[in-house]
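Quick one: the structure is below, and I'll ask about it shortly.
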């Protein structure tokens, strides 16, 4: 792998603040971001990403090629949790396998924006519709995860079917973070350039700084979580490192097949490789309470997320560069 | 009414984020802004509005015409709660009538800034002293509301008079939000251009973004509150829709009488039409605990506020355009 | 003292917002900044100061003169608490004397940035390594304070020694605020100009506004604290006013001896004169729980901090101007 | 002062609406909720540092009659069984004003 | 361990200073306050999502002697009567250190 | 429902990790923590408005057996002695699910 890509990624404030957070936990520091602030930063990022994507989509318009990409994104988001489940069932019960499969089928918005910042630091941009793709990839895995449990876990079959449908839609589509990013995307799209100009000092100007701050908190939380995986054996950490690679390969292949432009292909690959730690845990906690959250949250937050932002992003960029030329 | 004004208002990020918040509650989403963040955004808006107005006042200076406007504002703020009380007494007891009258006699800073953003989107500005007018219009209604209760509610008459005076001044003038906006106004005035340059990236640059975020929260809270009014019959919702129209008419007439410039007239009308949901509820909760907060808060927040920002603002602008030419 | 310096300092938004906060407490207002927001603002300031200093250090490079200044800073930070302790022991027990000595040996980052803003308002800048000096001056006083207790307080001698070392390092060097400012400094240094450009709208653009907001909260907290000192006699308030003057004199003399440039000398003097109210209280609360936090926190926050930002800063600037010419 | 039962329930924040519905249905005169408490139990830690509320608890307390307490306890038991948490019942004196 | 009374009071946040003054006047040895709790009672919901603290409650707890508890209860009763809220008294063991 | 002890501890937030370690060591089945409570006691006010957590308290509650309660109390006593705070023990019914 090209070391300049690795360096470009590592020498950025967001990544280094993530490392600082992890370091703070390692040395037993009492550094702490108050919970309401962490939640605000997370809402801010969704707001900013959505507005940005909506504006970009407004600029580029809705071509057929855009629609093809969006379709591919949705299909991938349905397929990834299915094969992940098959692999996970090898070692885990239905509930945990389904919850982890949903986690890896969905996406991480912060991984996405870190990849975007990585591109931007090289003066490159990606299509605004990739944000739409991201928003569309959040929910399908939740649906798949819940349905897998309903079909395959004996006890769950008895639960009333009516409630299921209503809950499923609410959790999958009106989940707070899904709703905020989709809503911001639509608002960014319909308010166009005047709307973007009005909010861009907030949504764009201070973005990297807010992202750095948020990643500081992610570093703290991820490092605290790492210990939860200690007692879980080697299978889950291995899955948490292997899944992004396999899913990235799937993403790359699909992007190649659809002849996406290089930067869109890169962002799509990152989406496939990333795993959710906000929307899906919230949904699984309610829909599959039998699964152990410290497993799926820790795998995604403490292993896959750091792996992707530190090694994955430059690696996927390297592969795209080779393959796309 | 001119539909282009309606569209200009509706197609702005703040209004659409308000709608997104209301939509989120409607579909049962778990989207939520942490309470400390909502409070921070609200303090931020007061800080920013105050600094902005103080700076504008510094630029324009304190003419006689400015002083006339301020005087008119104060007089209106004493008169509106009086006739509102007379109407409300028709259906309500003294305590609730007084609390609601105070609510409608005072103003809403967020309605004011939304109107300001509406003007700005058309490349127009208003006089900085209108912020001073706003600040001066917050408190009189509190004084009137408390005095009405003291004079007309039998039980309250026995309470010690000494405590009343001290409390009344504290609640009316040193209420947190009144103090912050007045204080920021004074600071913006005395620090002049260097002061404004120092804080403007914070107080001005990110303003529209912060406002959008705050309105998202207002949408959530307003929609949750709407249900509180269901059991209250038709009178209160009708008052909550009628009062802004009547008060706007009073404001327009007075502005015409005083020959205010068109944009100042518009802002003054918006102030008259708006109702408080921060300063007054806090004061009434303490001074008139017998009144039911879910009535006055809900009317103001869930009916009058949305009415004003969605329909009222373009309507008042339309009327000013007709009348001022 | 030159009154124009005093005016330049007083007529800045941060100082006036501090006064507004104190005024709000004085008149019994319910104005309040939510705790998580205050903590966020405090973390933000450390982040911004650190990144800014790191970037400036990157621009200027690490000369010998820089290293000499850093060494002088560390030595001062070890010496000040020693003589402070000697004075304080005259009236106080070992525990309280050590805790207060540590408080005055360490520094206040907000005093430092207020001084920086004062310079900036006159179009002058200071060397980025002064931020490094500040970060290095936070911890030594904690070490000295804890060791003084261990050596001189009879009961403490029995505590296990092993735990002491580990705790001491953790409290002194990995204390949340020390770690964040040092970490940001290093990140600002290694990411250089691209890093700074990425975060500067956040770390620099909105800085003065955030600082004003934070000082509003400091004004509130300081004024509330003032009453804690009422019952404590005249010695402690006298120390809280005298210590900054004595320590400033030490700082000035040392700066002169080392021929620091005028602006660096000024900032160094401010550091010496300032007292900690974040890092040291947190450390002392754990390491010397026998000491009374309402003494050391109140002295530093309610007396020394306001004294420094209102009178101290223009006074030290005046002295530097006289001596450096 | 009347002798009443104090029922205290800790469960996942995401389930708290559900518990409050139960309280409303059983007709208790009121309740007090503390949001975002954290803890540890048989299902591991709920450290509350999650970026959503997925891993925090909430605490609900209601003062009610012995019969209401029994009905509340019966109605929340299945929720606690499925989503985890504890319910504690004790006796106390309610100061009627 | 000493047998003491635990007095728990929930009332409007805006009135809490008033309650704390009462506690200070009655000479209890200390108290613990949880700010910004929410709830529902005879005066409707206090959902705490207000943009000021106007509609949130606070919770105060003090461990004190039976006599102090009686005096505290008598003194807070009028506050609760006017501004709403509950006061609960129970018995517990205080671990003297 | 089983009769258990409820142990409630309030101490400095900075010491709370220490108390939780004690609870883990004594093998209680779980606990609930409320962070950032404020108060006043023999060591003065802990108003919680500090810019760090240096002057706030935390509250921990655990439902456990009488023997566990005794061990917990014995183990936290030195912490409370050094850093201040209170520990209260009462009896209640635990709704086993």
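Note that the chains take the letters A, B, C, D, E and F in the order they are written out, and that residue 1 is the start of every chain.
One rule holds for everything that comes next: contacts are C-beta pairs under 8 Å (C-beta built on N, C-alpha and C of every residue); 3 or more make two chains touch, one makes a residue touch a chain.
Note that the structure is a prediction, hence the values are computed from the model and not measured.
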Selected pair, greater C-beta contact count between A-C and B-E: A-C
Reference chain B; chain at largest CA-centroid distance: F
Computed distance of Cα centres, chain F from chain D, in Å: 19
Distance from chain D to chain A - Cα centre to Cα centre, in angstrom: 34
Distance between the centres, which are taken as Cα means, of chain F and chain B, whole angstrom: 45
For chain B paired with chain D, centre-to-centre distance based on mean C-alpha positions, whole Å: 38
Multi-chain contact sites of chain F, meaning residues that touch two or more partners: 14, 34, 48, 53, 90
Junction residues of chain B, two or more chains touched: 30, 32, 34-37, 39, 176-177, 201, 205-206, 282
Chain C - residues contacting chain F, complex: 35, 38-39, 42, 176-177, 217-218, 220-221, 224, 228, 277-279, 281-282, 285-286, 289, 292-294, 297
Chain B-facing residues of chain A, complex: 34-37, 39-40, 43-44, 47, 51, 170, 174-176, 179-180, 183-184, 187, 190-191, 194-195, 198-199, 201-203, 205-206, 282
Chain D-touching residues of chain E, taken from the complex the two chains share: 8, 10, 34, 37-42, 48, 57, 59, 73, 76-78, 80-81, 86-90
Parts of chain A lying in touch with chain C, wherever the complex brings them together: 11-13, 16-17, 20, 23-24, 27-37, 117, 121, 201, 205-210, 212-213, 216
Residues of chain D touching chain E in the complex: 1, 4, 6, 20, 24, 29-35, 63, 90-95, 97
